[in-house]
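Below are structures written as structure tokens.
In the two assemblies presented below, subunit A is common to both, partnered first by subunit B and then by subunit C.
Entry: the complex of A and B
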């Protein structure tokens, strides 16, 4: 692990140099919305944000990804595979909650017999350059889910704003390799590291929103038929905001576009949509919002815990901020905790 | 201004205890400042949960379709108009719904407040008749409410529910004068190519979360055209052509029925101005058919019926 310092004025040059060697994805501001975009001569990284509107998952798991193209001839099918993008990438400016989502997504996409090479290949070729969070929002609850505003899970390096300059902390070998490309970076002084530590503690204290996830998974084991689901789904509109803006939601669908000559695509799906898990027969085991809401909560707080011993939520608060009817997942978790304590 | 909140609670309590309705659909305090959240009250003693203020932005008519019980709905002008449209379209028996009309002076557009505050987060807010007091880390501001209302409220011509069963409080004066369709003039002044470019730019932000559709009380189709899979009618990817087809067809489907409640634009997480195209269709409907949606329980939306005197200039 190394600590380097970077003058604030030198950051644009560092990012620009990265773009010479890597495909760099970084937060970019357009109108009022900050999202991860590939940097080019047309745009520039924007770091003065709370968090991006969309999480960075689409850098590895794009909303639409072509797997292969096909052409059906009289007796034959011609298939042209589209391999996963192989370019070396840097994902720059990722908040610790979102970086932690990659630890969870890696488990999801690499588990079982069939690995998702499209995700894994891109993930392998990417260096994740995190950005510590000095002013968490009231909707942030990362500390309840094993994260923290200066957390390093899922990152290769972490950029920390220590007021007058940046501190770069390397976390993995990949991170060290990247830093070595910048021999002019000075080593950090002890005082800089101390200051970062202090800021990290302050930021951790600033995360005021807490949820109690203790026992939630165990409680859910026995709550599949609980009347709670009848209440909490009522106001849900069944849109995809909470799942599409969630850094960990990664359900997808695979479709053939066109019949004779077309492409097979992998697209984002959402458990909140009415056609999610709709069978070919027309039957849907999750026929109403109630079952779909239960699926979202169960997947995050029970099924994933059973499969991977982790909760599938990083507490970024996007779903809380963006729900059009203020359906707050923190309240749902609270209701589950309270349900059986009665 | 009268204490509408208490009047709402009284009416709700009366309707529930007299068994005129099984359920009241209203608003309760949300978990975040400037937010309320829809609430469903089925016991008279729970009416104290109900609130009324300029953060009551959800269009509650969304929750009326498909309900078996008799419901009472707190309805701003736009909510009541959409209940009327859905009733004409036979989505529920009219007698199953008690429209609790309310005078509305507009709802707050949180996005406008966010834009004003930049990266400062509102931690506390008090919404009053004329002012919104917001507080956060190291700041405290008094905002004039009228500067932060939703665009749809600024051109609203039905602040008092035009159709209701009970009305809460006194009616407020309706806005007249100023051009209701002023904001579509920039769209109209563009050439076809410029308009296409403009729509492409705007819709390229879409992530196909369908919040605009799902928040819309008129989108009650059991199976939306974009969800058809056997066979698929349209592409479901976020390629621009697929996305644009979705928005264009939806615009056609709600044309002449939309009342400009603004819920779609408020819900859109990507800040797409979805109202603009809808406002234009509303104008066309007014000019061509002298039709305004949701102000009558008799007149069927023009695109939903055929009349011999309909203009047929498209037949050459």
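Entry: the complex of A and C
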């Protein structure tokens, strides 16, 4: 692990240099919305944000991704494979909650007999340059889910704003390789590291919102038929924003676009939509919002825990922030954890 | 890294119209690449994702027997976008196949035991694969008595009539084909599958039962299976669920934390009883 310091004025030059060698994705502000975009000569990284509206998961798991193209000629077909990943990438300015989501997504997409090469290859080709969080919001609850505002899970390097300058901490070999490309970076002084530590502690304290996830998974084991589900879904509109903006939600559909020369695409889908599980026969095992809400909560706090020993939520708070009817996942977890053990 | 989303190309060699309504057809496929044909090793009860390019993909159970080496077969009911597009294909059309997927029937556990196969309606496809496999001369001795109970609404809706006719002439299978209501010209059994099962009353001694059919059939068949004394761990059911990827990634076919595509589609009745009621 290395600590380097970067003068604030030098950041644009560092990012610009990265774009010479890598495809760089970074937070960009456009029309008052900050989102991860590919950097070019037309835009620049913007770091004065709480968190991006959309998580950066689409850098590895695009909303629409072509798996291959096909050309139909009379009765025959020709398939052209699309490489899962091309050049090397840097994902710059990722908040610790979102970086942690990649640890979980890696576990999921690399599990089982058949791996998702499209996600894994892109993740493998990418260096994740995190950005510590100095002022968490009221909807943030990362510390309840194993994360923290200065957390390093899932990152290769971490950029920390220590008031007058930035501190760069390398975490993995990939991160060290990247820093080595900038020989002019000075080593950090002990005082800089101390200050970062202090800021990290302050930020952790600033995460006021807490949920108790202890025993939630065990309780859910016995709660499939609980009356709780009859209540909590009632105001849900089924819009799916909670799943689309969730850094860990990764359900998708596969479909064909165009009939003669077309492409097969993998496209984001949501367990909150009724057609997600609708059979050809018309039967639907999750026919109302009740079953769909239960699926979302069960998947994150029970099924994923059974399979991977981790909760499938990083506490970023986007689903709380953006829900049009103010459904709050923290209240749902609270209600589950308040259930008396039988 | 192997890319699981790329289908193998296969040409439709033959199309067999299976029922009177003409909405169930069997497609006989030959892979374009002979190596792919050789490498496509599957078990009875597994399925594959079938692509009709321009329409999409859907999961279909393998209806051929793993002993059929020169082709694979899928029996498909015309229901949605992809199955309709497939029904509109002519012989010679190239489609896509990826798989095989799923766990399949527990053949190892059936060896040396009596096998009871119970199927209703169009869900008989993977059971046909299993029946054909057991009846193959290279396999028949590994299994004891084979009892098949298969029912359809009316004679016109029975699929694989050519197989049923051939099996009816053999003495190493107890074949019971039934239709729901009597019709002129039908001389076989009449009655719903559970009733016929009760009448045939196969012994549960050293036996395994495989049941596959619509949900309503499970509802009325399972009590009979219990009455006959089968232990829940000796009864296997095959599930259907909306699927897309077939490999446990797209997130929709789960019942509790079990994915029907990769942990199933075959589950023992014992496993089934422990699953949440969401199917």
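Everything that follows uses one rule, which is that the second predicted complex is superposed on the first by the 336 of 342 C-alpha atoms of A that agree within 3 Å, B and C clash if a C-alpha of one lies under 4 Å from a C-alpha of the other, contacts with A are read in each partner's own complex, and residues count from 1 in each chain.
By definition in this document, contacts are C-beta pairs under 8 Å (C-beta built on N, C-alpha and C of every residue); 3 or more make two chains touch, one makes a residue touch a chain.
Everything numeric here is computed off the predicted structure, so don't read it as measured data.
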item: Partner chain(s) touched by A:76 [first = subunit B, second = subunit C, both, neither]; value: second
item: Partner chain(s) touched by A:198 [first = subunit B, second = subunit C, both, neither]; value: neither
item: Partner chain in contact with A:49 - subunit B first, subunit C second, else both or neither; value: first
item: Touched partner set for A:255, first subunit B, second subunit C, both or neither; value: both
item: Subunit B versus subunit C as contact partner of A:222, first or second or both or neither; value: neither
item: First, second, both or neither for A:186, with subunit B first and subunit C second; value: neither
item: First, second, both or neither for A:280, with subunit B first and subunit C second; value: both
item: Overlapping contact positions on subunit A, where the subunit C interface meets the subunit B interface; value: 253, 255, 278, 280
item: Residue ranges of subunit B touching subunit A (in the complex, touch as defined); value: 30-32, 35-40, 58, 62-63, 111, 114-115, 119, 121, 123, 137, 205, 207-211, 213-215, 223, 227, 229-230, 232, 235-239, 263, 266-267, 269-271
item: In the complex with subunit C, residue positions of subunit A that touch it; value: 67-68, 70, 72, 75-77, 79, 81, 84, 108-109, 111-118, 120-121, 224-225, 250-256, 258-260, 262, 264, 266, 269, 271, 276-281, 283, 285-286, 291, 295, 298-299, 302-303, 306-307
item: Subunit C to subunit A touching residues, read off their complex; value: 1-7, 9, 11, 51, 53-58, 79-80, 83, 90, 92-96, 215, 240-242, 244-245, 247-257, 262, 276-279
item: Subunit B partner contacts - residues on subunit A that touch it in the complex; value: 31-33, 48-50, 53-54, 63-64, 135, 137-139, 234-235, 237-241, 244-245, 253, 255, 257, 265, 267-268, 270, 273-275, 278, 280, 282, 320-322, 324-328, 330-331
